[in-house]
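My structure is below; once you've seen it, I'll send some questions.
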């Protein structure tokens, strides 16, 4: 069903089904309604009399004796003249029991009625039925159920044989059921022309498919397929390749970019696409009034910050089209990751008529277009006939399934209904890695994300650096990764994930599992820093990671003995001794989710065992958790951070004093300065060194407890080709194909 | 001992025995020589029954048998919380509504209808977040709040049943006669009507408790239920669901908690039905 | 009777309004907002986003705006999925939930009545107990455990049915089956106890004395009054079933309405969750009204009050 239409409540199929369902239910009560109607409207020709107690029988008996005609027998009692036809006599309780003559009277009424022989079977009519104050009674073995109670006055009533009523009701039910089922069958006949070329279990129904509003990966996957930015990324190396732009030039200082846009590009509605569309889209992205969540990605464009502060104007932002195919952009400081950004979701061009919405009716410019969005079911994209860009994808149609539960996604994949799923339940991962049936399909590739705990340095005992180091040293991250996470992620001892020793180990794991894909490095050119235990090869404190051999990596930060020494030197009590202050209880805060819960419990046990530290675990639902974290009302709280682009800046700018996402209350002017210097530096080598210094400060006195470098988890069917590992888990659908079924 | 006249079979008595056994085990669990439910031995995670672990281990290597035993404590506490609130609030509300004027009855039942229509999840989220930072948060190990939620949700069925019965009873001749004699209505309600309701109340309680336990399991499914490191049958059911996939089927994690839960709930349901048939005054001769 | 209906209608409207108001203020009181994320935009951008959806206005004016929106049947876009309005989201899922819920209601009630009948025929015997146990199994375990086991057994063990999805008739069978377990259990128990009660009444014993077979006595004469307690609870049961079940929809990937109640609350998607609450309440009032009409036909004693 199309959903981008106002007043979809008037969708005829919905109305039809709703009304038919109501009719169906009403038909079930049609019998009752008819009865009540008759009770109210007096369409019968009978009457009901409620007779008094004692005097009745004598009167009637006498009258009966007096006259053989039943109507004249009843006349003095009921006052009714004429033939006794369709009458109901209501007696007080117990009258029947006490006056056996009634049976005779009733039989006489029956025989009296028709001089003609009684017709056989169900068509026999009982014009007179006697009721004993409302309860059903029996005559000649046939039940006579009546309907309704008369009121004070005379309300006409029909008493019909129950068999007829039952028949009517059964027919009504069957008819309405038949109607309802045929309508339901109609609804399923929705035009779903077979299975798409590729079916992806996308993890959730996307939020918004508008490039400026989208925030997550499920949205991003679809948007990057139906839109095309200036640049595309090589599926393996993430190097920039021509997209809408045929070529580009970067100035020597890294602050000016010029793009030549291909001629003849079109939107999916046929209108032409040129540089002005990019200018408008990017300015809208930066526009503070439009509130794009990722607008800050372009904040370093000259003039952007002023505009967002309110001190500048839209026209002063240095994004310009020199003519219809030449685009120019200028930055305040070098942004080496800008080409990467051009391929990302927020920087995709947006059609002028989109008005902030996306959907099957809105034009886009990618090799596919959105043809169907069945809410919470699937999204289908199909080949865009107006596409004029450089990609030559092989898939003609792609479905994105919106199943939410990880178990369901796995079931769908296991049943062969999807070819690639992005979410699996954590409990399945150990088997997926090791079982020979599943292992070739399970891709756990390094993902530029770090899983860590935020620390609140205002709360004791976390204000003591010795305690912080002890907490870190007493965690065996290797064991944590193996036990709780299934063994794919690697321990992390620094804040920028996947330094070279970790990458080497990950490569070895893949080789051991027989996965042939080549693996790229985590962050090209960056040599991360790591905080180590007591000492390594004569080095102490925070050292460059590449100086660590990969076999030493797992145990690098695990040294409980040193942890206990640090604590006792700082005056805290350690297990096995009675001197020193007792360490206050820590509260471990985490959002609901099985992995977070297991990690928290694991930490609780590890700290108790190694340091004698007591901790409590507090779980909150996701948004309540974010609220508490923002208010810095925690001791330690679970966190992840995923790279926006492949550069250390995306990690290390998180904890500057003016970052909106710090959520730790930590502010260090030396760190701020260090970050600012690194951001402004043009020379790549020097920049990397400056970032290393910033990371060193963060690890020495910052509010982080790094745990592991994240891995992406994808289950990919063996028939899918072109699926390469890359550290940003961006698998361009243009490169993906399918072997014949 | 109650003899079950209607069914004349031993099954309801068996149910009572099972429930008493569960209650007993739950109470004495702390002194039983079983492993602690918290002892994580991650190297033995997901091990099948046998070899030191009677019923196997879970994701962190914790013994399943002891988790079931300890879980029964929390689950029964939840049941008690639901039953208690139903008894206190539900009965009083129903009595006052059924025994009062039509107007009061109408308004009181409107409130009940209203409360039934408001989605419970809102209340759960709200209460959990409101309590943070206050003394409530850690009361009873964080569970006190949870019990409050259960109570809020489950007193309404009791209120409805009690109100219906009270209405019927209040129109009986002896109640009318008592009013005519000048007995204050509160006395009629509490001294004369209430004792007649005890069978119904008993039946309703045995039928509310399974719903409470299933609701607790549902909240665990959403991630809003009893939180680690506390363990309850609801969390065990949630853990069981995690392994109900074709890749990793740790059957012991599904079978044993399910058997424990199913037997208990079945016992409660069967008992409730038997009590209902047995305590029906119409059958008394 | 029309006066009765009007009075009921009025009471229903008041209830709907009250539920709406209470839900509105409760969900707004919960901490966190719809646009909170791990990666928040700068505060002024967040403010701009909230302004776009009028979330910065005072609470009272937002409340009135919502009421007005719903009276025009135009409540505006969902906060989590701003490409769609709440009306289209709900109307996309409602037919599906109605289908599954309606089938589950029919199946569950029919099977439950049948089971109750069998149990009442042989009260106290082994068949009675067997039937009660079978009927109660559906409510003795959390629904997701039963559904998970069923999927594993039928889809992967036997390979008969697809494990999830909304594509064809076979993919319907398991969700309807799981959803029907609870009404079947309730129907079986209520009908069984009702039949036991009715079969000790005078008219039933009279009928038996006349030589009518036990089955006929139960089925044709006792069943109707025994259905009264079942129909009394049919209203809320039907409403709950027809609005789907979160568990079933999640496990079987059914795009119905049930998810929105809970997911909407967790996502703080205020218009959507209020829409879901309204939908549920309206359906509840409607189903209760229909059930009361059915009751009027089944139980003659009520009609004196009705008039």
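Just a few scattered comments:
Labels for the chains are A, B and C, by order of writing; each one numbers its residues from 1.
Everything below uses one rule, namely that a residue touches a chain if its C-beta (ideal position, glycine included) is under 8 Å from a C-beta of that chain, and two chains touch if they have at least 3 such contacts.
What you see is a predicted model; the values in this text were computed from it and never measured.
With centres defined by CA atoms alone, the chain at the far end from chain A is B.
Two chains share more touching C-beta pairs than any other pair, namely A-C.
Centres computed as Cα averages put chain A at a distance of 22 Å from chain C. Centre-to-centre separation of chain A and chain B, using mean CA positions: 31 Å.
Chain centres here are Cα averages; for chain B and chain C they lie 21 Å apart. Multi-chain contact residues of chain B (touching two or more other chains) are listed as 125, 129, 222, 241, 244-246. Within chain A, residues 407, 411, 414, 621, 624, 627-628 each touch two or more of the remaining chains.
Contact with two or more other chains is made by residues 30-32, 148, 151, 156, 266 of chain C. By the touch rule above, chain A contacts chain B in their complex via residues 407, 410-411, 414, 424-428, 430-432, 435, 438, 479, 482-484, 592-594, 597-598, 600-602, 604-605, 616-621, 624, 627-628, 633.
Touching chain B in their complex are the following residues of chain C: 11, 14-15, 18-19, 22-23, 26-27, 29-32, 123-125, 128-129, 132-133, 136-137, 139-145, 148-149, 151-152, 156, 185, 189, 192-193, 196-197, 200, 236, 246-247, 261-262, 265-266, 273, 276-277, 280-281, 284.
Considering their complex, residues 1, 3-9, 11, 13-14, 17-18, 21, 24-26, 28-29, 31-33, 35-36, 39-40, 134-138, 141, 143, 145, 147-149, 151, 162, 177, 180, 184, 187-188, 192, 205-210, 213, 215, 288-296, 308, 356-359, 373-377, 401-405, 407-408, 411-412, 414-415, 417, 621-624, 626-628, 630, 639-641, 644, 660-661 of chain A touch chain C.
On chain B, the positions that touch chain A within their shared complex are 38, 40, 42-43, 45-46, 59-61, 125, 128-129, 132-133, 137-138, 142, 222-224, 227-229, 238-239, 241-248, 250. Listing the residues of chain C that touch chain A in their complex gives 1, 30-33, 35-49, 51-52, 73-74, 80-85, 87-89, 91-96, 98-99, 102-103, 106, 148, 151, 155-156, 162-169, 202-203, 206-207, 210-212, 220-221, 224, 250-253, 255-256, 259, 263, 266-268, 290, 293-294, 296-298, 300-301, 303-304, 307.
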